[in-house]
Structure formats: structure tokens, C-alpha cells
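One structure, as C-alpha cells, below. Some questions next.
Chain lettering (A, B, C and D) follows the sequence in which the chains are written, and residue indices restart at 1 in each chain.
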Amino acid sequence: MKKNENTPHLNRRGFLKVASATGVAASAPMIFMKDAYAAKDFRNDPKDSKTVTLGFNVPQSGPYADEGADELRAYKLAVKHLNGEGDGGMMKTMKPSMLKGNGILGKKVVFSTGDTQTKSDAARASAKRMIEKDGALMITGGSSSGVAIAVQGLCQEMGTIFMAGLTHSNDTTGKDRRRYGFRHFFNTEMSGAALGPVLEKEYGTDRTAYHLTADYTWGWSQEGSIKKYTEKMGWKTKAAVKTPVGAGDFSQFITPVLNSGADVLVLNHYGKDMVNSLTQAVQFGLRDKQVNGKDFQIVVPLFSRLMAQGAGENIKGILGSTNWNWALKDEGSAAFVKSFGAEYGQPPSMAAHTCYVQTLLYANACEMAGTFYPPEVIKALEGFKFDGMGNGPTEYRAEDHQCFKDVLVVRGNEKPTSQFDLLEVVQEVPRAQVEYPHDMLGGELGPYEV
Amino acid sequence: MSNILEIKGVNKTFGGLHALQDVNLQIEEGETHAIIGPNGAGKSTLLNCCIGRLIPDNGSVTFNGKNMIGMEAHDINHAGMVRVFQTPEIFPELTLLENVMIPALAKRDGTFKFNPFKSLLKETAIHEEAMATLADFNLDRFHDHHAGSMSRGDKRRLELAMGLIQHPTLLLLDEPTAGMARHDTNATIDLLKSGKMGAMTKVIIEHDMHVVFSLADRISVLARGHIIATGTPEDIKNDPKVKEAYLGETEDE
Amino acid sequence: MDAILIQLLNGLDKGAAYALIALGLTLAFGTLGIVNFAHGALFMLGAFCAVSFQKILTISKKVKDESITFFDAYKEQPYLEIWWGDTGTAIIDYAVPLSIIMAIPVMLLIGFIMERGLIRHFYKRSHAEQILVTFGLAIIIQEVIRHFFGANPIPTPAPDLVSGSAAVGAFFGLNENLVYPWWRLIYLVFSAAIILAVFAFLKFTTFGMVVRAGMADRETVGLLGINIQKRFTIVFAIAALVAGLAGVMYAPILPPDYHMGMDFLVLSFVVVVVGGMGSLPGAVAAGFLLGVLQSFASMTEVSSLFPGIDQIIIYLVAVVILLVRPRGLMGREGVFED
Amino acid sequence: MMKNLIKSNTVIMLIFAAVVLTAPMWTAPIGANYPDLLQKFAIFGIFAVGYNILFGLTGYLSFGHAAFLGIGSYTAVWSFKLLTMNVVPAIILAVIVSGIFALIIGYLSLRRSGIYFSILTLAFAQMAYSLAYSVLTPITNGETGLQLEQQDPRVIDSMFGVVVTDGLPSTNLFGTLMSGYSGFYVAAAFLIFAFYISLKIFRSPFGMKLLAIKSNQTRMKYTGFNTKPYLLTAFIISGMYAGLAGGLLASIDPLAGAERMQWTASGEVVLMTIMGGVGTLIGPLLGAGIIKYLENIFSALNKSELTEIFSFMPEWLQTIVVNISNVFVGEGWHLTLGALFMLIVIFLPGGVMEGVTKIKDFILGIFGKGEDNRTAEIEGEAK
């Protein structure tokens, strides 16, 4: 069987090495060479080069373009700090840290950028360009779980480390976890675990919830987690209705809530959907209602300041969870906000924070490993415990590459003191409360060597 | 002589307008039959009823012994009845040669044939026939010009060529010389009289009496949806009903 | 029963937006023969008239928040409030309805410039080329707006007085709990008024008669020798205005962002075609029909029976209507069929 | 003499194949010589060439062809999951399944013409997209997109005892892996093949009849042609091309996402075709290349790279040029796209190919050999 002779193992390593190293001339004939690699030879090895390239893959067009722009600001700041320019930001507060401000492993950090367009195809194309053309050693960024999972899968195949940006679905480090993918951001499970007790305290145990859920993976993940934790404390779930993504007008989904007997509306929406559904829910007078003798409440499980801006007045007093907020007073956050503010004249968003931290963590892991060789870097990141980067003591759990740290429960600020002061922190939910067993969500990390 | 086309009791109304009323007409094999009549008499409607563009309210259209009513336009074409249009219905973006090759291909390939891998270069028979037909109409030197760029007279002759190349049993001509200069008209008359065209059974709708009397073996006169007379040119010239129909309407056109 | 009534209201409200957008689109289609892919962008520009007007009214005195040292955070107070006190606050509160005053000349001007500068050179060109050029224009307009206003939605609230809900149920003697937002009711009335105004304009003015004749038979009107060029410009400007007003008034319902036009573009084309090309009543009827059906399809009773129906209802209805009625609800033969 | 040579199929195909296969070399100066973009050029080239068979020849403007691209991708990924990682069955199945869908959608949509046809195709594609994104998630994996899993059955592979060592298996063509440059060469081979078929169709009686339908469909009916099956055949062929492109996309990168079927994706292929030149053989390919280039390269440029590009200028001029061009690159690449659409339609109504023809005429004019150049390819053939 010809087939069997040619494919004893389906393994792409031999080819990758060649393709990555080549320019044009070498391309065609050498593809067929196999297994001609030395032990620590890997894609985009900077070798003697004086620089090392990182790939920043953020949405520059589409609904999350503003978030993407903020992510890019954070990346540029991180590169500055790594190269020893600027005030160093969190590099001074991160513990433990091997970062020296002389680039990574003595090589100056440079970067290339790409537009994910918040589409899996475009994001993968752009990541591939950075890996294949620009020689990026690490890919990071993104503002949606679909994109994160798609790019993470690609990076596993390519043997390039992926430090996820904003992605909140359980799947990223759950059923779709990958050895080469790392997530600093929290997830819906942690949102649920953090929000649950606060909701109980604020609204009691005798509540009936009505869910409106964006009809895609993140929405379902969010709905599942909130249901799980609210039902645990005695809430009933009246209904969970799926809404088309980008519906614009949600009136036909909101009106059934009015007379459903529910007294809490949970909006499992993000981005534009959240802004629209919340604005419209408030117009329908939901917040002025009394049901079952209680004030009707709206909950938005995932908040971001940029989205809060879009919702304007409507966000005031509404509870939700967030990964990080610039108003945090710890040393790390303060240092980051200070240098970000000095550079750009505005505070960083939570997406910017995650992206900044991810870049530093990757750089530090390379220093710890003493090499850019991805399997060693991965091992350095796995189980890495650190502090001083906001959110208190944090651990990159080895089994699923999920960061565990404090989660913020926030409320839309009733009396903002400035245009940036939109969310007030209600509680910093300690890490222990949001932790869950690593095998709860399933998934396989896959091999170190690809 | 046998009747090749038989129209019996055909009626057609548009809204309140009775365009055709109980029209009966027989076309004999080999003849050139002219249909004349004032504007709005229903001549074009009658042709459209024959070729399937319109479906008559009642009555029958029998061609070569087969009922044509309800048949698709392309099937009527393959039955052997081909129409040449009054306003040139050509393929303006194609060359003259292609314009003539298309009907030739229709004749050979039938209503549908899927032959995407055959090269046009290999269609030598069709190609030669098309060139010869163009030559018959004195159009061969323009064979690679776009049909849309030709003069109106040339387009009319192209129309005739497209009809002729299908070797129809019956050719329906809708004002073949309308809009032509006198010189071109005479040339067209000669064409229609001689050679392959001359031998063909033809129905001609025409305003120009010079053309009608030069070509027609028999003439039918249509007025207000009725056939008021049918006969040889001589009969028609002397028919009082025809004179009446045309009196006071001689100024039309 | 209540549920059906309220879903009907939702549907009418949605339909009102569809109908308004489709109205302008089909006006341009029918008279000028132009396939305008930038029509969605005009709707978006309308919404941004409201945004800019609000921004102008709320130009603020900035008081630095001294507790924040790393960057400049301000507590803002609009000058209007400082100068005129409560009157100023009230004016700002009414920013959206007041912005209509600004939107009318702005949209007419945009329509005028677009027609004179670009569209008129494309009357005789193929639909494919019209699509390409107007789509290109739409992208450019979008990017310009994004450059100035960012990609995030911008809140443009309705005036306080009408930001709440009306007790529709009590009014009709039904369930007391039955409420409906004032602003949506206003939008409904507003749309009806605009639609009637456009129809009346076409029906009762000589100008309108020429336009209607043009929609019936464009070639003949061209032969009439009337200054058709000027009329075309005006028709296009009106189409732009209708789209713009639809956008202005929609801003409180849907916080405007630069991409909102594209989201409505495809939908409005479906509405126009379902209504029948070149038919104004058709476009309005189709708009309301699709809006109402979309509302009903998302009722849990329906969507649990046919999963996913709420996602595809508009397209499904479009397919069915076009297959049953060759030219949509009220289209005429031979318009845009080649 | 020269003209006949150029018109010969063999010569055209030789030149075409040479140009395509050397693409990694001549794209180097414009920074497009990396596997992913080259693969995209080839694959979207196939998509556009196929779309042109429908739109360019018959004039029917479909706004839903992305549906077939998506269906092809999903089919291919399922073939990888269920059958084998070899791309041959995946691509064959992708073409067949999208052909079947094209038959159904085409049969219904072709009952109408003009804009009614366009909206029907759009509606079908949007339904496919919406359902794939939500309700059909068990088949499509919704927003995330359909991916390979280690525990997929792959019955044929396991029958032949192919061992999956670690991690996910890779797609291959009898052992040659599909990623990187080899993926490009496989896609390029398909492009050459697809282009050859398209060339044959353009120069066949069948193709001429399609053009005649575009020119005057009514006349075709009275000339004795049943136009429906012609249109449907063209629709199915172009749908199968889209399925082939979708299958190749999935073969090179085994992931199929719903947004591949969205109207914007359908619109993209329309824009590629119009921009390159509707009804020309090469035009759609050029259009595909230009749009993909802008999307991938322009979106990635930033200020520091621009500074490098314009470093040959004096500093003051460099600053000005960099600042102006910065508006059009990076996040501004959409602006470039929009401007390009407008400029091309305004100045080159026949697309890029008209520009090429104009330049050719100009050069020929210099040498005093001005010829009557026309866009239709066929008439030269028939001589």
C-alpha cells in the first residue's frame, strides 16, 4: 500500500521546519525531506538574530475594533518595557521576575500586527502571516472566544505559543484547551462562581431569572455557568431564550420577559448585543418594575468598561463581573495604569491589561527556560505562580493553562467622578472561591512537541 | 397543396381590447403569404400566438399537423416554425459570425446540449455554414464586428440570416424591411425572392405595399382583429372591403 | 392575547424602520434605476447626525479629577447647563428630536452631493458597476465615521419624558402590566407620518407626478424633455433624507455605531425586492410584513416548534414570496429583471 | 502569426501554469511570498474563476455563492473526521455535495431573473449561514467552527492502520502534507486545472450559448434553446468550483467556520470578479489577488514599516508621506479597499482587465499596429 509507506506517522514536524526556514528558492523540492531536524530546532528560531518577533493579532475592524486598538496600545507598551524603555510598568512589581529590561534573552523585542476582523478565518490567516512571513515566535491577542479557539488550534499545529487575549468562554481552556495556548483572562465558570454569592447577598435567594442568551458558544457557556450557580442558591430559571447574534432590535425577546413572572433578567450578551439589549430592556421599563413584591433586576455577567460606555446611563447600578479594572489600588495595577496613562492619556481597559500581562509572562517564561524553544517555555509557564500584576497571587494551572486569580464583581457606577469612572468594584472575589477541578470541563492539552 | 399552418378560431383579448377575433388562416406549403392591415390590427399579436409568446384565449394553431398551443417557444422553433423579429432581436455583444452560429447550433444541438469541452475551433462545419450564410447576405466582411455596432439595415439582414440558417419549414417575417432605405429594401426583396429563401414557405407582415406585391403569392388582410379578406394580390387590390378598411387610415404609420 | 398584541407592536416598530429604509431605497431604484449599496450608510449618517448634535450640545467644561494623577480624567459639565441652568439641561435632554433640525439640511446636502458627484454618472452603467461603486462609497463613509467617532456604540438616549414606557394595556382596557416604550410608539407614528408625507408628495404635486411617471416608464419620461436631471437630484436627496430621518429617530433604540448601516443594508434590499422592485407601497407593505413576522417567529411558542426559525424567518419568507409571486408583492413586469 | 499563437489553448495554459507555479518568486518583491497568502490567492482564484462562469457568461448575479464555499469546507472537514486525512476524498466529496446544494438552490432561484434571482440566492445563503451559526451547531460547531479532534473515527485511515502519534493528525495528499508551500502547490495545481476547465468552457459552443443567453435570453428561446438547463448547468458548475475552493481551504487548514457563508463573503467574490473584469478569463483571478493582498498585507502595515519603506526619501518628505499613507494601511485598510472599488469603476469600467487592454493598445499603438481589440475571447477562436 503506497499510502502506508508514505505516511507511517502523521506528523508535520519535518515539513514545518523546512517551510519556515526557507525563502522561495528552497521551497518546492525540499518539502519532501523528512525528519531531518536536530533536537532543539524549531520554527522561527531567532538563532543569532539580534531581535525576536512577537505577533499581535487584534481586531482592527468590526465591532471590537476599539477593544483591539486598546489591546494594541498595551502590547506596544509591553514591548517598550521589555526593551528597557519607559518606566517599566509592571516589570517592577511582578514577582518572581527574571525580566531585565534588555529584551528577551538579550534580544530586542520587535512585533508585527494583524487584523482578526473577529472572524476565525481572517484571524487564522493573519496569524499564519505573522508566523510564516514575519517569523513571529509567539502569537497573542483577540477579542472573542471563537477567534481565540481557532487561533489556538492553529498555533498548536504550527508549534507556536499562543497567549490568548480577551476570551471568556469555558471552552478555550476547557474542551478546546491546547498545549500551546494559555489564557490569563477568566471564564464564564469563574464569573458564575464569583457573581453567585454577590447576587445572593444583594437580591436574596428567592428569585426567578430569565435569560437572554447570544446564540453561540460563548453565550451558551455563560448561560450554563450563571444558571448553575444561581440555581444552586435557590433561584429558579423561568426561561432561557437564545437571541441571534447581531439582532440589533431585541424588542421581541424583551417583551415576553415583562409578564413572565421573572424578577431578574440575565443578559448573556457581549459587545454590541449587550449595549443594544440592555438599552432596550431599560426602555421597556424593566428596571422600574416590581415583580413578586421585589424590584426587578438586570444582571450582565460579563462587563467591560468600553461596552459600559456604549450603554451610557443604562449601565448604572447593574451588577456584573470583570477581569480587571483600572481603579484597583494594588501596586501592580497602579504601576500599569500609571505608565499606560502617561503614554496614552487614558486608562487601560481590561483587555489591555490581559494583553500586557500575557506578553510579560511569555517573556519571563523564556527567561526562566533560558531558551525560546516552545516546549521548554511551555513547561516554564505551566504551574507558574506570580504576583504583582493585579488580581493578587495568580497561578497558571498546568493541567489546563487557565490562570486562577481574584475575580472582580462590579457595578455600573451611579455617580461617576469622571468619564472613565464607569464601574465600581463591589467585591474582589478571592481566587479560592472561583477555582474548579481541572478535569471538570474536559479537553486534552495535546503534546509538547509537534 | 397541403396546409402547413392552420389557424382556427383564434381569439385573444387584452383587458377590454379584443385583439384577435375568430381568426382563421391557412398557409399553404411553398407559398409566400403576406398579412397586411392598419396599425393595431393585430398582426403582431397573431404572430406571437403562433410562436408561443402569447397563448390565445381559444382556438387552435396547428403546424405540420401538430397543435402548437401551450408549447414552449424553443419547442416550436424545433418543430420548424421560425420567426424573424420586427425590432432586431439579435445578440448585440456577440459578433455577426457568432450571431449566425447560435441558430445553427440550435438546429444541430437541440434545445439543450452540454458540451463544454468541445472547442469552437473544431466546429468547422457550423463555422463554414455560418460564413456562407453571412456571405449570402453580404455580411461576411463584417463577420468579426459586434452585432450591436451595426447599422439598422445590417441588423435586419442579420436577423434574416439567423432565420435562414435554421432551414425552417415556415419562416415568419415581421416587417423585414421596416426602417430600410429604398435601396436596401429592394436588395432584401431580391434576397427573399431568390435562392434558398425564395423556395421557403413564408409569412410576411408588411406595411410597405411595394414589398407585399413584389413578394406575396397570397395576401390576408387583418382589420380590428378580423381577417376581412384572403386572396391573390389581384383579388385583394379589387376587394371593396379592403379599400374601406384602408380608407381614412391611409395616413397611418 | 396580550403577548400577541405586544409582539404585533414590536413587529410594527421593526417594520417601520425597515419600511422607511426600503422606501428611500426603492425610490432611488424605481426612478433613477440605481442600485444603491450606500443606502445603509445614509441611514447610519442620519443616526450620526443625532450623535454629533448631541456632542455639540454637550460641549463641556472639564474639571480635572485631581485624585487621578496618571492621566487626565474629567468631570464634565456641559456649557449649556452652566449658562442656562435647567433650560440647558432640558435642551440637552431633547438632543435627539432636536437633531432632526440639523439632519434635514445635512442629509439633503449629502444626497445632493452624492447624486451630482457620483450617482448621476452611473445611471447608464450596469448594475454590477453601480453595486461596486456604491459599496466602495459605503465603506469609505463608514471608515470616515469610525475615524471620528470610534467603533464603539454611542449612547443617544431619548428625552427623559419619553424614555420610559406607556401603559398601553391600561389604555386599551387589557392587562395592566402591558407597557410599551414611549419612544417606540413615537417612532411608529413618526414613520407613518414620513411615509404618508412621501406618498402625498408623489401623489399631489406635479413634481411627484413626473416621478411616478418616471417609475412607470423611465424612457418615456426622459423623452418628455422636462429637466429630468434636476428632478433626479431632488429624488435622490429625498431618498437620502428619508433614510437619514429613519436613522436619527432610531438612535435611542439602537445606540449608533459606524457599522450599523451594513447591518441594515442586506435586510433593506430583501424588503425592497419582496415588496416588488419599484413599488413604493410594496416596499412599505413588505417592511411591515417582515417586521411583524420576525417578531412572531421569535415567540418561544413558535421557535420551540421550529428551532432556528427566528434566525431565518425573513429570508424564508422572502424565498416563499418570490417563488409564489414572481415580482414580489407589488412589483411590475420588466423592472430589474435583466 | 503572433496572435494565433497567443490564442492557442496550449500556449495559454503553459504560460498560465508557469506564472502560477513561479508565484513564490515573483510575489517576493511585494511581500506576498509566504505560504498562507499564496494558498489564499490560488483558492480564492478558483472561487472567482468559477463564479465568473455563472456571472461572466450568463450575467446572473448570484449573491449567495459563499454558501457553497462553506458547504465545501464543512464537507471536507467531515471527511477528515470520519473517513481519512487524505485530501482526495475530502475534495471530491466537497465538490459533489456543494454541487447537489447548487442544484437545489439553483433550480429554485433560476425560476426568477435579475435582482429577484440575486435576492433569492442571497436569502438561501443567509439561511445557511444563520443556521450553521446557531441551530446546526452539532454539525457545524457554530461560531468556533468545525475542527478536527484526536478521537475522530477516521475509518479509512484506521483500516489501513495509520498511527496517529501525538496531537492532531495532519491533512495530506498521499503523504505530502498540505500546509506550507506544498499546500500552495497542490492548490496551484487545482487552480491550473480549474482555469483550464474554465478556458475550455469559455471557448466551447456551450460557453458561447451562455454568452448569448446573457446578451438576449428571449431571443435564445425563440432560436430553439431551452435556456433553463443551460443556466442551471452554469450555476451548478460555479457552485462546484466554490465547493472545490471550500474543500481546498479546509484541506490546507482543517477548520470550517460559519462566517465563510455570510453575505459579506458572497459579496467578496462578486467584488473580486467585477474588479478584475467580468467575463474575462484572467480578470477574476486578478481581482481575487488584489483583494486578498489588501486584506492580508495592507492590514498589517504600520507606521514603523512605512517609515522603512519610504526611507529613501528626504526626512521631511518621508514624514509627510508616512503620515498620509498611514491612514490607508493597518486599521485603515478598509478605506483603501473602498477607494480602490470606486477608482476602478470610475476610471476602468471593465475592471483591471480593461486597464491591461488599454495599456496593450497603447503599446501596440506606439508600434503602429493598433488592432481592433475586443474583450470577448471567443470570436478569435471561431475564425
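What we mean here is this: a residue touches a chain if its C-beta (ideal position, glycine included) is under 8 Å from a C-beta of that chain, and two chains touch if they have at least 3 such contacts.
Keep in mind it's a predicted model, so treat the numbers as computed, not measured.
Between the contact lists of chain B and chain C, the overlap consists of D. In this structure, the chain pairs C-D and A-D differ in their number of contacting C-beta pairs, and the larger number is found at A-D. Relative to chain A, the most remote chain by averaged C-alpha coordinates is B.
Distances from each chain's CA mean to the overall CA mean are smallest for chain D. Put simply, the C-alpha centre of chain A and that of chain B have 74 angstrom between them. Per-chain CA centroids place chain A at a distance of 33 Å from chain D. Between chain A and chain C the centroid-to-centroid distance comes to 36 Å (mean Cα coordinates, whole Å).
Residue positions 130, 133-134, 334 of chain D are each in touch with at least two other chains.
Shown for chain B are the residues that touch two or more other chains, of which there are none.
For chain A, residues touching at least two other chains, in rising order: 65, 69, 215, 244. Under the contact rule stated at the top, the pairs of chains that touch are A-C, A-D, B-D, C-D.
Residue ranges of chain C in contact with chain A, taken from their complex: 2-3, 6-7, 10-11, 13-14, 17, 65, 67-76, 146, 150-155, 157-158, 163-165, 175, 177-181, 183-184, 252-255, 257, 259-260, 263-264, 294-295, 298-300, 310-311. Interface residues of chain C, counted against chain D in their complex, comprise 35, 118, 121-122, 125, 127-129, 131-133, 135-140, 142-143, 266, 269-270, 273-274, 277, 307-308, 311-312, 315-316, 318-319, 322-323, 326-328, 336-338. Note for the complex: chain D touches chain B at residues 9, 197, 200-201, 203-209, 211-212, 214-216, 218-227, 229-230, 233, 237, 372, 374, 376, 378-379, 381-383.
The part of chain D that touches chain C in the complex is made up of residues 55, 59, 61, 108, 111-116, 119-120, 122-124, 126-127, 130-131, 133-136, 217, 263, 267, 270-271, 274-275, 278, 332, 334-335, 337-342, 344-346, 349. Residues 62-66, 69, 215, 239, 241, 243-244, 246, 248-249, 251-253, 255-256, 258-259, 272, 275-276, 279-280, 283-285, 288, 306-307, 309-314, 337-342, 344-347, 417-421 of chain A are the ones touching chain C in the complex.
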